[in-house]
Amino acid sequence: MAMKIAYVVPGPMSKGPMGRTEMQRREALMNGWAFDGTEVSVIDVPSGPASIESAYEEMLAIPPTLDLIMECEKKGFDAAIIGCFGDPGLEAARELVTMPVVGPCESAMLLAAALGHKFSVLTIFESLIAGQEMLAVHAGVRAKLASVRPTDIPVLELMADPEVTKARLIDVARACVEQDRADALLFGCMTMSFLDMGDEIAAEVGVPVVNAGRAAVKHAEMLVSMGLAHSKKAWPTPAKMKAGKTASDMRVA
Amino acid sequence: MAMKIAYVVPGPMSKGPMGRTEMQRREALMNGWAFDGTEVSVIDVPSGPASIESAYEEMLAIPPTLDLIMECEKKGFDAAIIGCFGDPGLEAARELVTMPVVGPCESAMLLAAALGHKFSVLTIFESLIAGQEMLAVHAGVRAKLASVRPTDIPVLELMADPEVTKARLIDVARACVEQDRADALLFGCMTMSFLDMGDEIAAEVGVPVVNAGRAAVKHAEMLVSMGLAHSKKAWPTPAKMKAGKTASDMRVA
Amino acid sequence: MAMKIAYVVPGPMSKGPMGRTEMQRREALMNGWAFDGTEVSVIDVPSGPASIESAYEEMLAIPPTLDLIMECEKKGFDAAIIGCFGDPGLEAARELVTMPVVGPCESAMLLAAALGHKFSVLTIFESLIAGQEMLAVHAGVRAKLASVRPTDIPVLELMADPEVTKARLIDVARACVEQDRADALLFGCMTMSFLDMGDEIAAEVGVPVVNAGRAAVKHAEMLVSMGLAHSKKAWPTPAKMKAGKTASDMRVA
Amino acid sequence: MAMKIAYVVPGPMSKGPMGRTEMQRREALMNGWAFDGTEVSVIDVPSGPASIESAYEEMLAIPPTLDLIMECEKKGFDAAIIGCFGDPGLEAARELVTMPVVGPCESAMLLAAALGHKFSVLTIFESLIAGQEMLAVHAGVRAKLASVRPTDIPVLELMADPEVTKARLIDVARACVEQDRADALLFGCMTMSFLDMGDEIAAEVGVPVVNAGRAAVKHAEMLVSMGLAHSKKAWPTPAKMKAGKTASDMRVA
Amino acid sequence: MAMKIAYVVPGPMSKGPMGRTEMQRREALMNGWAFDGTEVSVIDVPSGPASIESAYEEMLAIPPTLDLIMECEKKGFDAAIIGCFGDPGLEAARELVTMPVVGPCESAMLLAAALGHKFSVLTIFESLIAGQEMLAVHAGVRAKLASVRPTDIPVLELMADPEVTKARLIDVARACVEQDRADALLFGCMTMSFLDMGDEIAAEVGVPVVNAGRAAVKHAEMLVSMGLAHSKKAWPTPAKMKAGKTASDMRVA
Amino acid sequence: MAMKIAYVVPGPMSKGPMGRTEMQRREALMNGWAFDGTEVSVIDVPSGPASIESAYEEMLAIPPTLDLIMECEKKGFDAAIIGCFGDPGLEAARELVTMPVVGPCESAMLLAAALGHKFSVLTIFESLIAGQEMLAVHAGVRAKLASVRPTDIPVLELMADPEVTKARLIDVARACVEQDRADALLFGCMTMSFLDMGDEIAAEVGVPVVNAGRAAVKHAEMLVSMGLAHSKKAWPTPAKMKAGKTASDMRVA
């Protein structure tokens, strides 16, 4: 079963400090995780915020991301992953295309829901907790969320000293397990996920750890292989598009 | 108590079919509803979608709306109202400014919550129901929502024949009251609200009807007069801005 | 816009230790908070419990409070505030009159709901926590309540040494913010509210603090200025009154 | 096991149309339902509303009911039942005495909860639905409530023509079972319960029917026989009483 | 009122370390708790797991327990209690018989629900917490559950040194009351219940303590005396049995 | 990526009317749905109920199913699917093995949760509705469940006349979409799923339809390919097994 999946980075990553090298590293990781026949391509938007650390930056990132997802469908991709744990623009994207669009947060939470009674999310900052709790409401699994705990290492410093990062992640993971009774964990940040330390952390704290990037790839593969996509009743094509307007017609300057 | 409130229209209304005339009519209505000393100004964004009928158009509308809200704060406004029932960009706007920013949906739902045991929302299309139920979750009053029912009259046709519209609104309102046991109603669309037919409909169906535009003006006045604004702990200034970057610095082209 | 609001104290405060002086001080505070044209009058019931510290005292306080609210409507008041944070008799009062009746707890909780993701209530004793959690259920915003924490200073001692009280309030407020992740706070006691220390405490702990008395005044002003009152479908006039009986006819001796 | 249970009628029933005859009929019914050794006495308050059809009448009824419950404890009763389905004053009564106090609504709902997946309540008027839904929240079993449906026969007419009443009850019961998927039913009115038609209705509609009066008697017997009473941590003795004041001391005239 | 209640032990207790002596001790305790005329018989299944410490052992225990319950009904018992706090097989048993079948967990939780605002459960191991939380969902009173806390004494060691056990139970009970704000407690294990230390622990920690075995006896007595049993609409007789098959016909070997 | 998945039928299907032919047909279907390298084997238990139409039959089916799952792990399977929509024995199975064990109901519900705002389940009989609602609670996605509707065609008649069945399924599916606002559907019965009519029904009613059997295969493949299995903290190995006992040691005869 051959399929092409676009991993759409909602920021101009190739122009930033991580650059194309990191994009290629992530692409290689995802292709390594995929089933035979699946090809994952990492593509970034041409402009937008350097990173997404606030609702404001998320809102700036969405319009170019939606344009890119429409373009991916036209280019023949079978599915798209929105490459940010906040799943920015997920509902709007589902209005615009008929191929499956998945968000790593939704994918990872639904996967973690079946791994135990409750799961916790490791996030970056305390200011993100409320938003990630609301993402669990959107995913429909709020009842399964034990806690969201911050690690307090900024995204760009996560890769600076992997051993320091790992030690911190283990400490916070242990608090989730011991104090919040989490049976499973997930990384609430793509950079944290792509550190690919889940197995080591799972071994330390004794519960499964979900890599949100890997979960999103599997979710996309599952949908494509089943011939399923999101409901167009839930996310219908915008009325003006149905009436023949293009995306650019819809912007009045 | 003197205060200046900006009613920010998240689309280029002055360039559209309703135009400046309708903006002025709405401004006059709101100033008529306000307490003495309050001055409401209706301002639209320079570009964006002609109207918001989908999540996609909502996402397109948000970035210019946020720019305009920041500008309003700089110009000395005391509060801003986001002029669309979906409250587009509300959380991001609260990150960017310290003056109160209110959304008509949140304002109207919190007001309706105290008018009875349950309230219903009259919306435009069936495809908007799930989104408005989620807005009630965000407002914290999902437990008070009896139902969301569509009227099936497109926004631009609402003003075409007021008697036809009123008859339809009364029919749907009655269904909310009789079948869903709503004790109060609110209009889930600003154009519906600005038809200013609430009192007539309330008289027909026997329950109070909340005009979301009017509720937003009162909510803004309430906050300004109390010296209160949203919590910066809940919606902190984006870290890059705290570090000195401007909004335009934050967009990488 | 001129309006008269009755702040009905559900105990014979003028006969108690706080006396008329405190009633006048509160009246002055509320008139200072009000919009131009609003006149707030503080009125107490002739008899009842000296203070409300239990469900029993609340039940004793309600019948004279309801009589007084009916009298206020007859005297031409435009709205009534029930002057106790437990909102005693709120639903019954709404059956008896058509002018708006607001309760400080409901008003303050609905106001706080929009200030952040979650709010906490500072109350007097631990025995009041469950009741105030249930008040949040009644207000419809239980999902927004972070916690209720007791300050353990009896009502009558709150005014004894303002600095001691303030220090305690700050400590408890900080626990709400740091341990329960509250983004906003409210005082769950009218005497605590009328100490008028909200701004100082907000400055210390970094989140907005809602004065329940002030919130109730604003809520009443909002409703009157909008021409709205509670739904008579939700709280209908008692059947015997509809059939012509007076309140005193309804008591069989 | 010998015990004395007071069934406290929160209105001056002996002075009303039903009179002492009906009180004696109910007393006989309850003694017939009781275990050997249990003696149930029906006692009414000296004054208050003729019947409870509104929150207002409920509030008027509570103070004399609380006085009577305190008196019953002094006279040696082992438990009290509040003889109205709205459980008026239940929480306050539990503050004032240490013997168990039960309310027919709470007793019947907790009993019905174990009879099936969901239960429905047959009530008098539509205006009572929201209140009885809230009683299910207070009882903790809101998740088990299928529906509350009105029968639209006023309390005083329930006994007028038993066959007419029974036919209506069966119709409404059937709607609960067939449309709301109720597996069990309960009468949300004491007069309805004391018609003692539960078995006939159960036979017609095929699900068990709980008589709230009978459930309350059993609940009281259960608690007394187990040596249990409500938690004084949940409903502590009012502080002024702990400090030595009597109930009448607590009323300032 | 005479009735016979079977307390069905879902393991071959008579063949295990506790043996017939402990069965007789429990039978005597239950008969001591019962109303006059009630006769409780303790009966165990012929084979199955020695004790139930996992979902696996629970699943093994259910088929013989169901056989025994059917046999009890044929022998003329009026009700059955499933003698394990996990209520194993409760729903299946209700399909198979028309006499009431109660489970100690459900009985105890519904009883505790009315004793205060929230109750806690003392259980054996941390691994049982999630399951007991789900039992509260099944009972319909999840909203009333303050916490489940493990005592960490294995079932078979509970009776080894009663003073050690009592001290541990008091410690954990106190944590429930002080840290989780429980107003009432219940023992989440039959062996813990049959230690019959509830009153001593209640005296120490100041809140009522429910013995699940005693609650189940009272629940069964209540149902039998009211002529009530679980709804056959909720738990219908299996279709093959309705069509004439016996339980053994239904097993294909 | 090569893996072996056991589809464990919890009844002696090979001895029943569907027989080995149907087992082989299902095996072929599943292998057709699988990714390259996956091999699915359909295996049934030696004895148990002919079909599962009640909680009783479910309880009878579980012990042999658990034995077979343990055996599958020993034989080198990488994962097991419990071949019944009720997911019988899922939690116990997860205690007994470390390879992933999935249940079609949980798998299908978590998959459907991301396809729209709400999904509905098509089940066999009305008596199964409450149980399937509870399965949604267990899966953690109760908030996403629009409805469960019965088709009223007994399992064994589903295959009798495929056109009749399809017409009925379409009618019920349409009711879910139009009356309950479901955006997606799933078959709550394995025989219904293996009719493999999802695409035709989806085309008729306009929303995606999930085949529970196919979802379970994908869920198992996802977990195996990610190196993940359920949390042993959530479902620990039974203590007696940890101490060295075998499954048969644990049954006292």
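Think of it as A, B, C, D, E and F in the order they're written, each chain with its own count starting at 1.
Assume a contact is a pair of C-beta atoms (placed from the backbone, for glycine too) under 8 Å apart; a residue touches a chain by one contact, two chains touch by 3 or more.
Predicted model, so just to flag it, every value in this text is computed and none were measured.
In this assembly, the chain whose C-alpha centre lies farthest from chain D is A. Over half of the residue numbers found at the chain A and chain B interface occur in both copies, marking it as a same-residue contact. Centres computed as Cα averages put chain A at a distance of 54 Å from chain D.
Centre-to-centre separation of chain D and chain E, using mean CA positions: 28 Å. A separation of 45 Å divides the Cα centre of chain A from that of chain C. Multi-chain contact residues of chain F (touching two or more other chains): 117, 130, 137, 183, 233-235. Interface of chain E with chain C (complex): residues 117-118, 181, 183. Looking at the complex, you find that chain A touches chain B at residues 11-12, 15-16, 46-50, 53-60, 62-63, 66, 89, 91-92, 95-96, 127, 130, 134, 137-138, 233-236, 238-240, 250-253. Against chain B, in their complex, chain D makes its touches with residues 126, 129-130. The part of chain E that touches chain D in the complex is made up of residues 1, 33, 35-37, 102, 106-107, 110-111, 113-117, 137, 139-144, 177, 183-184, 199, 206-208, 210-211, 214-215, 218-219, 221-222, 225-235.
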